[in-house]
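These notes are about the structure you will find just below.
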Amino acid sequence: MYKARVLENGELTSSIYSLVLSAEDSLLANFLPGQFVKIKVSSGYDPLLPRPFTVHAIYDSAFEILYQVVGRGTKAMSRLKPGDEVEFFGPLGKPFPRIEGSYLVSAGGVGVAGFGYLCQGLKPEFSLPAKLLYGARTSAQLVKLDFFSTLLPVEVATDDGSLGLKGTVADLLLAELNKQSYQAILACGPKPMLKALAELGRTYGVKIFLVLETLLACGTGYCLGCAVPSRRGGYFKLCVDGPTFDAEEIDLEFLR
Amino acid sequence: MNFYVKIGDFELRSPLLLASGTWGLGEKEISGLEYISALITKGVSKDPMPGNPPPRLAEAPCGLINSIGLENPGVETFLKEYLPRIKKLGPKVIVNLHGESIEDFCYLAERFENADVSGIELNISCPNVRKGGIHFSESAKDVFELVNEVRKRFSKLLIVKLSPRSNVFDIAFACEEAGADALTVANTYPALAVVSLKPFKVLLGGLSGPAIKPLTLRLVYELSQKVKLPIIASGGVMTGRDVVEYLACGATAVQVGTALLIDPLGIKKIYKEFEELYQELEWGS
Amino acid sequence: MNFYVKIGDFELRSPLLLASGTWGLGEKEISGLEYISALITKGVSKDPMPGNPPPRLAEAPCGLINSIGLENPGVETFLKEYLPRIKKLGPKVIVNLHGESIEDFCYLAERFENADVSGIELNISCPNVRKGGIHFSESAKDVFELVNEVRKRFSKLLIVKLSPRSNVFDIAFACEEAGADALTVANTYPALAVVSLKPFKVLLGGLSGPAIKPLTLRLVYELSQKVKLPIIASGGVMTGRDVVEYLACGATAVQVGTALLIDPLGIKKIYKEFEELYQELEWGS
Amino acid sequence: MYKARVLENGELTSSIYSLVLSAEDSLLANFLPGQFVKIKVSSGYDPLLPRPFTVHAIYDSAFEILYQVVGRGTKAMSRLKPGDEVEFFGPLGKPFPRIEGSYLVSAGGVGVAGFGYLCQGLKPEFSLPAKLLYGARTSAQLVKLDFFSTLLPVEVATDDGSLGLKGTVADLLLAELNKQSYQAILACGPKPMLKALAELGRTYGVKIFLVLETLLACGTGYCLGCAVPSRRGGYFKLCVDGPTFDAEEIDLEFLR
């Protein structure tokens, strides 16, 4: 693992946090949009496994992740303070596919985390998406809206209608696909959202890439623990073949 | 450092080996290989195996539960596509074998007798398959026959990997009698994790990591006093101190498994810690 | 809450029992006893036992290793001085028995047949004594005979506490056949801690705590599918969720041990967590 | 366990720290000099066991412990920051014996921790010691010297002679016993020091009480894990019969 210092750590909204870690620029130069890091969350052996998080943004000698507090590991992370030392490893996983032509990114909840770096446009080989479709339960849960709004057009939806469309990201996408055609969609969020988007993609004949999650042990391709069933039989390894997959290649049963 | 031991003709200048199933099959870079004596491959079977459906993993207190189900490309693809790549990594290679029957194991042993590997490790202890694996360990007689038959066909380093839930002593004696060169003590411990309560869903798998160290340490300690075969310890090695403890309890070498999953830079760290402690204890002199 | 189960005539309105050896013998106050169904005493033997010399404890990853060696005042002093005090604590009392021979156990069972206790738990699984204890678990035949003889002399609740390192299935069948009322699954796991490297000093003891939960959960799950006897789970219960997991895996009740050593106010916490989850899962309805 | 807030936590000298925890006065009212608390040192299950520390001093709605960083648990404690929540339990163990007549307290290193509360004189039933004999490797390791000096006469010894007598606490005691007679000695420190003092005590026919340590699991008398061999056979339980023992009652082999 590499050592890093906590530069910032704080709540953006109830249960979603931002963590900024120091890292050498020579290491950061290897990070590509869509990749993730794993972070050690305890000083002892419990919890044992480092937790994976996609890189949200890259700064000078630092990178940021957004994380939702869901269990013991993220709870422990939420207690980190500036100056604390943490261990991490990365970059891991495949970057986002490089898409030629106009494409959308769509995020549900903390799923937006992975798109920041892409939208920052720091890597010329990754073209900017045309728009971000972004949904959450309620407006307060739409974190980093200002950040994204300065980078690209953003359309939002909330379950309670407190901001943007009253509805889901799938509703946003449906409206969008009815207006215009896109080369591809990149989607990250909860499983039901991904499933809905994958189905929409199929109906409209537009390529859709899903950012998937599963429990990881190694994140480095060593353990074969992160099996994602392939549509053609057999398994992908989420941590090295993904986390982003062409929806056509995976068995969508996985999203149940 | 002046660490040096031999198991048969097999020389080790570091007590560290990489455990089966915890470093892939050489697809991905592994840091620190200069500090290990051998790579033990993921279990290889006669025919390709797809492995178990997800979930394959669960976290446990100070441990990891896995049920990979021996996903592997089968011996022919392994020999053709994987072995050459693994050989290029540098260390000696020991192939971990999975069979459902004595015939399977014999077939595999024959295939590797003339292959460019230093030895084989018979996995009679995988808790995650329906046939073979741990079920062999139910009878010392079966194990004797298995090892005896394999021995006739394989002249290089022959290791048998025991299950901690078997009657280890009887199984160990059977291996000794049948001509094995060493024992790996031990595989993962049969364990259960409740993946979800509603609907009720469990993962049956094998427990590895720090949680099992005190248990495997005890097995190594007891076994090393009863059998003459060299013992290669496997279970929860996370630090150089753990290595030293296993050696002090009678192991000849140790395998690193889960530790590498957690920290891909862990081999060097463990080795350096070991080296320092080894010198401090003046074991080398 | 509407939790209610029966083991023979023994009624439980809470799934919690306090495990043997982890709450003393009633000398010290214990908080939260209103939430438990029974107290299981520290092992009681025919004659007083001084226990093992220090060190008796070592910490392990997510676990505790102990080798108390069954320190206890012997059955006569227990009956005279300890039992009245323990009875005053409120909950029903089950006496954990240690014997070196079938005769010892029979003698003890007879002494308790007319004493004011609800039942006995035969400890054939203590890893920390030279005679008796875990050595019984080496033979299902011996266990059958033991339980059979005790059964003839003891009419109340008769529990047998299994060792996880034995052939649990055969031993469990033997207990069932011989007329036991329930099984405790399981005692601590034989473990080793290196207390000091120079001079080399080890502690052989039994591992308890969160580390063993996935292992004992697996045993309970497998055993409950094979034997009809009610199973009382013991191993690493720290939270209400752990209780629920054990019940979901087939246990009828659970014992709290190491958790109480860590947090003397832990019983109430565990019970409340259990209650909440039990209601959430609508198990009561 | 009870919850407490960290009010202060910091290094006094290399590896010896002071931790001040909030606690209700109604609870603190039960604390007596010589008793200890156990503190949970991890949020997970590793390390599993709470660590025992004698109460160093009592303040309004707060108490202080002094701890030496020796392993994982104390290392984790050293990272606590004001505002953090910790769990503890206590008071545990027997208080110091109540000694009538003039007596000495003698401490080696962090062993001084336990005498602060006694010397504060907050509990009238515990008379003040006549003097504190206090030794350490070097002057920098003599923590809380100012605190003690305002409460009672202090004689110090250092191995390197950097402050006070060049020598050990045993040397201090020897000089003291040659000067004057005392009812009893209360001693806390490393085993070799306790052994030396116990032998001196015997030679001079003065009662000596030793504050002992061992690994504890429960600290509450439940587990029988903290056996201290009695001179008359059998074992004491350090956590309930101690931690302070009459040197005559224990098997001094324990101090080897």
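Going by the order they are written in, the chains are A, B, C and D; count residues from 1 in each one.
Note that a residue touches a chain if its C-beta (ideal position, glycine included) is under 8 Å from a C-beta of that chain, and two chains touch if they have at least 3 such contacts.
As the structure is a computational prediction, the values presented were derived from the model and not from experiment.
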Set of chains adjacent to chain A and to chain C: B, D
Between the pairs A-B and B-D, the one where more C-beta pairs touch: A-B
Inter-centroid spacing, chain D versus chain C (mean Cα positions, whole Å): 36
Distance between the centres, which are taken as Cα means, of chain D and chain B, whole angstrom: 47
Length of the line joining the C-alpha centres of chain A and chain D, rounded to whole Å: 52
Residues within chain B bordering two or more other chains: 60-63, 209-211
Multi-partner residues of chain A (each touching 2 or more other chains): 44-47
Chain contact topology (line, ring, star, complete or other): complete
Residue ranges of chain C touching chain B (in the complex, touch as defined): 60-63, 65, 167, 189-194, 197-198, 200, 202, 204, 207, 209-215, 217-218, 221, 236, 244-245, 248-249, 277, 281
Chain D-facing residues of chain A, complex: 42-47, 72, 75-76, 79, 81, 84
Chain D-touching residues of chain B, taken from the complex the two chains share: 61-62, 210
Residues on chain D engaged by chain C in the complex (per definition of touch): 1-2, 40, 44-50, 87, 89, 214-218, 220-229, 233-235, 240, 254
Residue ranges of chain A in contact with chain C within the complex: 44-46
